[in-house]
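Just so it is clear, A, B, C and D label the chains in written order, and each chain counts residues from 1 on its own.
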Amino acid sequence: MTEQIIRRTQFTFWKSIEVRWGDMDSMGHVNNTVYFTYLESARVELLHKLGARGKQRNDGQGPALVSTSCDFKQQVAYPATIDVGVRVEAIGQRSFRMSYGLFLRGTDEVVATASSVNAWIDYAAGRAVEIPDELRAALAEYQPSE
Amino acid sequence: MTEQIIRRTQFTFWKSIEVRWGDMDSMGHVNNTVYFTYLESARVELLHKLGARGKQRNDGQGPALVSTSCDFKQQVAYPATIDVGVRVEAIGQRSFRMSYGLFLRGTDEVVATASSVNAWIDYAAGRAVEIPDELRAALAEYQPSE
Amino acid sequence: MTEQIIRRTQFTFWKSIEVRWGDMDSMGHVNNTVYFTYLESARVELLHKLGARGKQRNDGQGPALVSTSCDFKQQVAYPATIDVGVRVEAIGQRSFRMSYGLFLRGTDEVVATASSVNAWIDYAAGRAVEIPDELRAALAEYQPSE
Amino acid sequence: MTEQIIRRTQFTFWKSIEVRWGDMDSMGHVNNTVYFTYLESARVELLHKLGARGKQRNDGQGPALVSTSCDFKQQVAYPATIDVGVRVEAIGQRSFRMSYGLFLRGTDEVVATASSVNAWIDYAAGRAVEIPDELRAALAEYQPSE
């Protein structure tokens, strides 16, 4: 597997997150499970900006996480701030995929890379439905131009 | 302040909680904030048993935590199981107080003692209301007899 | 008990903490246990500033949390930022007490008040020892002047 | 992508985890990040059994998580218990891969599937080293026989 080069310019939305002391585990580094809360914080903020959170809508629809993964590149200890870069990677009929790059604040040092897939759900029906056109357009604005 | 002797017989409800590896912080012990999740787990289970959780009721009422405190007596490391003892300490007009004793599983070694006050809330009105008689009676059964 | 008025001017050290979406529980508010991580974040940062964290020292001494309590005044939901005010309340021979006021960012709205007691520990001996003079002086600078 | 059928018989190590009320997020389901603590709890217990935790060893070696992923199949709400099945999927020169199946207690209902890669690290050198023979043999016992 060729190691891809991760650059800040590949991401279209940014969220900076201050590491809390309690984010560390008994190994003295930020615990692996906490990276997923960093992804969640960035994703929720972007979805909020796109008007895509369930509680923002009156059509009973919203996103549901289907899968997520993270590659850990470098250990992080408190104190630190992580810049989480996000881009919309792909938009399907009823789901969309995001990619993430986590960097040490203000540097090009990659801490982790990650991805997530969200289905677009009709909550009452409990199943995935087509992503509305206006959301599809909003998501597309966060796809990288390159 | 005289140090009170804490005995298992002072508690009327029990919940055993297995310490998760991730409950430890970078000092290698269960983090102080996690003790409050142990209290919460025991309290929610007791409230559920009493029919006092908001989602169990159709009167729009339920408990809301007003205050809580914990005295840490002994550090705990994974692997361990904590027996959380609970008793109803006092029942007021619109609130009730619980006390907790946390022991190493099956021993008399006290890990922590704690207390909590819950108000009884009408969620729509957003204010404390009188504890219903049937709940008052149910709570009273978990007061120590001594 | 007379309800004390809490003002920002009563605190001598500040730490702003951005609420994470995941800090909320299934009631849709910041979970009670998470307030204690906010206290911890502020306390660790102050202790670090005072040179009082164990890993900063070469005398094998450091702080250990003995007890903590929190009064919840107002529910908080994401998105929000909490300003945590801290003051050193009292300095004993082998322990010190801190008080906290949690405010909605930039407002006088009190979200919670809290307190903590830390013992000063010789880690190898596993017992409380006298607070060194230089730390005692540093702590005293965060006692309120009033 | 053909959906693979997940059966309990595909896993060689089991860890049951009681869902804590606080594991739920504001959507009223176990939060996605908490599944990774369930994986961690099962993984740490298996590694402990194999004598592979850093603190069990005197060669300065131990595991470090390189990547992890999770597919969420079904939402879970408190109260529930999750049976986490684990198997060693592959053993490389300096890393090993595990697969996980999360089931509702005592049923064949799959809640999630997951995987992880751990490198085998010399902590002082800060780099991956060859997995010792005795650990390789121990890991192999948790590969599925089929």
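The criterion applied here is as follows: a contact is a pair of C-beta atoms (placed from the backbone, for glycine too) under 8 Å apart; a residue touches a chain by one contact, two chains touch by 3 or more.
Nothing here was measured: the structure is a model prediction, and the numbers come from that model.
**Q** Could you quickly compare A-D and B-D and let me know which has more C-beta contacts?
**A** A-D
**Q** Which chain has its C-alpha centre farthest away from the C-alpha centre of chain D?
**A** Max centre-to-centre separation from chain D belongs to C.
**Q** Using the average of all C-alpha atoms in each chain as its centre, how far is it in Å between chain C and chain D?
**A** Roughly 36 Å separates the two chain centres.
**Q** Calculate how many whole Å lie between the centre of chain A and the centre of chain D, each centre taken as the average of the chain's C-alpha atoms.
**A** 23
**Q** With chain centres taken as the means of their Cα atoms, state the distance from chain B to chain D in Å.
**A** Whole-Å distance between the two chain centres: 31.
**Q** Show the residues in chain D shared as contacts by 2 or more other chains, in ascending order.
**A** 21-22, 27, 31, 33, 37, 40, 78
**Q** In their shared complex, at which residues does chain D touch chain A?
**A** Result: residues 27, 31-34, 36-37, 40, 54, 65-72 of chain D touch chain A.
**Q** Show me the residue ranges of chain B that touch chain A in the complex, using the header's touch definition.
**A** Within the complex, chain B contacts chain A at residues 21-22, 24-28, 31, 33, 78.
**Q** Give every residue of chain A touching chain C within the complex, in rising order.
**A** Chain A residues touching chain C: 17-18, 20-22, 37, 40-41, 44-45, 48, 78-79.
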